[in-house]
Amino acid sequence: MPVFSHQFQALRGTAGDAGLELARTIEAVHRRTDGTFVVAPQTPDIRLLAEGTSLSVVAQSIDAVEPDRGNGQVAIRAVAAAGADGVVINHPESPDTLADVEAFVAGCASFDLESIVCVDSVEVGRAVLTLDPDCLLFEAPSDVATGRAMTRQHPERVEAFVSMVESESPRTRVLLGGGISSAADVGDAFDLGADAAGAASAFVDAADPEAWLSSIAAALVAE
Amino acid sequence: MPVFSHQFQALRGTAGDAGLELARTIEAVHRRTDGTFVVAPQTPDIRLLAEGTSLSVVAQSIDAVEPDRGNGQVAIRAVAAAGADGVVINHPESPDTLADVEAFVAGCASFDLESIVCVDSVEVGRAVLTLDPDCLLFEAPSDVATGRAMTRQHPERVEAFVSMVESESPRTRVLLGGGISSAADVGDAFDLGADAAGAASAFVDAADPEAWLSSIAAALVAE
Amino acid sequence: MPVFSHQFQALRGTAGDAGLELARTIEAVHRRTDGTFVVAPQTPDIRLLAEGTSLSVVAQSIDAVEPDRGNGQVAIRAVAAAGADGVVINHPESPDTLADVEAFVAGCASFDLESIVCVDSVEVGRAVLTLDPDCLLFEAPSDVATGRAMTRQHPERVEAFVSMVESESPRTRVLLGGGISSAADVGDAFDLGADAAGAASAFVDAADPEAWLSSIAAALVAE
Amino acid sequence: MPVFSHQFQALRGTAGDAGLELARTIEAVHRRTDGTFVVAPQTPDIRLLAEGTSLSVVAQSIDAVEPDRGNGQVAIRAVAAAGADGVVINHPESPDTLADVEAFVAGCASFDLESIVCVDSVEVGRAVLTLDPDCLLFEAPSDVATGRAMTRQHPERVEAFVSMVESESPRTRVLLGGGISSAADVGDAFDLGADAAGAASAFVDAADPEAWLSSIAAALVAE
């Protein structure tokens, strides 16, 4: 089942009620397709979207928390309690130490959350697969927010990545990010073997988000 | 009006529904006193407590967010949208750079949130006062979670701090933390000139949190 | 006595013997002028330049070190032992927490090192002056490495900054950075009241570094 | 050939001339044994010890440096130019992101430096081995500076770790740290299959460092 992921990041117009409205637009399109849509809202909005929509909600990041400390840190326990279905780990804008990547993947397993680890190369992807994550999000930082999808710029990189994952850990899904901005990009991602694709700024920047989303949904249905 | 602040940090038993129940216990005691109680829940629970109680809710921390970026960062816009009344800045467990302290105090003013800046010395307190914060939280890291209140160990430090703030910025309130764990400590804090006192682990660790809280409330009423 | 500062950062061609050669070029020009030249090499090269030239050498950054710990951290004790004459604090590319800025300024005083604190606004500058630093380095991150000097783009900001420092702490010197790339810029900096000016990429990028440096030296002598 | 490593960290009495004297004591003992001694001085002292002794010198840490930026960052290029023979990566007191671990191991290979990656579990060790490091330093943070060696407390953990490395990457050497404080601990480490052992505070804290070191040397010779 094809999956499409929306990362709200800290983009304007994605916090609080505005974010809930965005998520409901996504949900409305979601109901008309077989595709699965996932949203990654800002941390204070996890519960709002988990309770207010039927979408899968993933936390943008979590923190390592020492017992009995941790002011300002976001514990995995807290995002699970807020209704998250998964956690994004090692995002390039909030990178995690190696020890934290290990601890967070294990923590997701024990809290029954989907672990989604960001990597930017075949080498780093292979290292993370030894930790048995549920999903790898593959994107090169240089492609983010450019409108130049890796699928078009470097299809051979995507194929090499997908092939490595299939060989090392067939159960792990591959999510493609980085410059995905159109239904054609989404179609390319699935054609190259990805299990999912995602975008951040493209949806928020679209002149008509619902129309943009419907075109993405059509691409998902076509898979 | 005396104020007492509860920092939930990432302590066990403070996330999600358990945190809401804690907050409702605080609220119940709050209604029987003239004192003001403030809670600082984990970030995913700000909205839960802001909507589910009449308490003042402050964010444990926020992040600097670059325009159009910021995965995993908590923007001041998002905590304001979630219903926060204030923000803790520069907590020793999530310290902020000097530039961020300046930006966050200014941001709080523009979003009409209370700015509460943590400092650990008269010198750092004086530096922050030039930025015109609403409140300084004065505590020495070495007193945190020890059960040894600064008010008892070093009352002269508290007096020197209060005196400096009164001289430099009378409008700024002084909140005392660091080892406050009993009604006597709270009484001492107000006697030494503080406008507010706070605790983290003491409430959660108390054998009977409601009884502990009632004793604190009595100390607030006595002021 | 006018001062000109060279920040080597981690620019190519500034490490090890290449950096020593650069420093000797600076020293040769320095001997022909009344101006003072300062260099900020990478940390492994502090001793090399302190022992191999007569220039003032400042550390690009230091770290807070807990007693009996600190692998990978650079202690103020170590840069002093290596022959540094000063320390750059709170550089935008290695920003320091508020508590560290206070500790580092005090540490510089106790080790008899010049404390040079980077700030990007009048407000942050005023806050730092309460800590009594020897020098403030004023630059806006947006002007760095642009070739557009703040002195030309925003002379009024420079004047406001200099005026604030003269009023709050006349003993503290003002060093201007951010886009300084020509002798004219240096002249402007001094005309606007700065005590010193500095550059990073301009020297390294110059087609003829020695000629470029001589023109800067002439600007210093003219002061 | 057995190896023993000294991490100076930022311990008192290890900077500048005092550090050089320590290193010369190590060198004097080194010459009387077949064992190899390695030192990890603070960054400003890499060149001092590389030029002033015949010991192998490793950098305590390096930083990721973006092209044309990097004030305060320590580039691999700079530690190589200073004479380092290797780099400690991902030390628990200066942990590295996953992407940096990958980049630093690759950087060491291209600069012909020994890559020594710290890990605290079999799982993290296995992940790093996919990146082909020269050496893994295995220690649990909870054993550091305790005087309780992992070799005595948890010999089964050491055996499991050594066995995993032999199976996954026979060329990679295993260095044991964490609480090693006597010749008996060093002997145990080699008996359990480690290729090297190391200590930080034990040497500096010893009443008679040279006698302590000679006992370690005897343990190395016995291997």
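In order of appearance the chains are A, B, C and D, and numbering begins at 1 in each one.
What we mean here is this: a contact is a pair of C-beta atoms (placed from the backbone, for glycine too) under 8 Å apart; a residue touches a chain by one contact, two chains touch by 3 or more.
All values derive from a computational prediction rather than experimental measurement.
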Steps in the shortest chain-to-chain touch route ending at chain D and beginning at chain B: 2
Shared chain contacts [chain A and chain B, defined touch]: none
Copy pair chain B, chain C: interface residue numbering same or different (half cut): same
Chain C and chain D: spacing of chain centres that average the CA atoms, whole Å: 34
Whole-Å gap separating chain A and chain C, where each centre is the average of the chain's CA atoms: 42
Residues of chain D whose C-beta touches two or more other chains: 92
Graph class of chain-chain contacts, one of line, ring, star, complete, other: ring
Pairs of chains satisfying the touch condition: A-B, A-D, B-C, C-D
Touching residues (chain side chain A, partner chain D) in the complex: 90, 92, 95-99, 101-102, 106, 119-121, 123-124, 126-128, 130-131
For the chain D and chain C complex, residues of the former touching the latter: 7, 9-12, 15-18, 40, 42-48, 59-61, 65, 67-75, 77-79, 81-82, 88, 91-94, 145, 200-201
